[in-house]
């Protein structure tokens, strides 16, 4: 299986913008998620991203195609990084480009919302207290 | 006068993202305006951007400060390029970063709207038919 | 019949393995597999209903009737982005 | 008194210059300066009201009473971004 939406390497956002933009596009909207140094009051040192790779790739492709069919003028690229990321590193980048900015913003925003809802990717936070799988209740501190 | 928001050189968006992001920010929203190859049915070859530099710098700084005071958690950078830009080149880049994405998107979007309303910058489009100052009615084809 | 059961993230840690090949009876559902998981792993005992389920890499109801060769996955709450 | 009048973009092209130093009477307003511009340049004759006005690099009403040394600018419709 070829992975177009998942990578184990740092994301080059300048390149992503260049690859998404067409000469007819005047508006480029980018969203990037970065590992931040805190979450729910805990300090965070790094995050390990894991995925059900084959399904995550399909889900990401499905969301991209769905948004393109809803907004036929938009060019859209999504890439999610996996593995161990330290504070400040980029975990996801989404670029939506269009003739007009309203549509570029809307598609970029909607893409991250849909991705967060359904793509089988998980993060394990490493803080000085230990490790936590985000979203799993209570008993999962190890 | 020192110009922090205006430049005559190409905009390095990767650097802009790095400079705006703090370790507490998990969400990075970027908007970039690019010269597109069409406008109101005409084909466009390049755009010349001109400014009332001293006032444009002050207006851009005022808008940035205003948005920061309305959204105290956000880090915001705005840079506008001036001079002759060809199709595909970036005329403006706005980066808003925050702990949470809703605020990053909102500030990024609001920044471009306010900038387009009030900052004294003008564009002259060059198309195969001639040159046009955008926004000036009728008799301005030369 | 034989199926492949995949567990990810916290569920992989609890199960001690990501992938299991299981011989199951005809008519088995993901819900049945979850009951088996709960029986084996006390940390799951309070989770009566399974997390999300995927069959052959697509979300599916936990009551889906599995077929020979299916790939079943338990998907704990996702947190990508 | 003396003021500096700045014209940008299409107005600079019409005026043939970006900056003019003008001797004007006490009490002169940007509106008066616009009437003078319209008198000189037929391309502006249909524009009875001036475009936006800035005095000392801030937007100001066209009826602002100017003072000695002021920097007045006529701002055609902006199109940055």
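Going in written order, the chains are labelled A, B, C and D, and every chain counts its residues from 1.
FYI, contacts are C-beta pairs under 8 Å (C-beta built on N, C-alpha and C of every residue); 3 or more make two chains touch, one makes a residue touch a chain.
Everything numeric here is computed off the predicted structure, so don't read it as measured data.
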How short can a path of touching chains from subunit B to subunit C be, counted in steps?
2
Measure off the straight-line distance from the CA centroid of subunit B to the CA centroid of subunit D, and report it in whole Å.
26
What is the distance in Å between the mean C-alpha positions of subunit C and subunit D?
74
For subunit A and subunit D, let me know how many angstrom lie between their CA-based centres, rounded off.
50
Touching at least two other chains at once: which residues of subunit C meet that condition?
none
Multi-chain contacts in subunit A: which residues touch at least two other chains?
33, 112
Pairs of chains, among all present, that meet the touch criterion:
A-B, A-C, B-D
Touching residues (chain side subunit B, partner subunit A) in the complex:
12-14, 17, 21, 23-38, 87-88, 90, 97, 99, 101, 104-105, 108-109, 112
Residues of subunit B touching subunit D in the complex:
33, 49-52, 54-56, 58, 80, 91-92, 112, 115-124, 133-136, 139-140, 142
Flag every residue of subunit D that touches subunit B in the complex, lowest number first.
6, 8-10, 13, 43, 54, 57-59, 73, 75-81
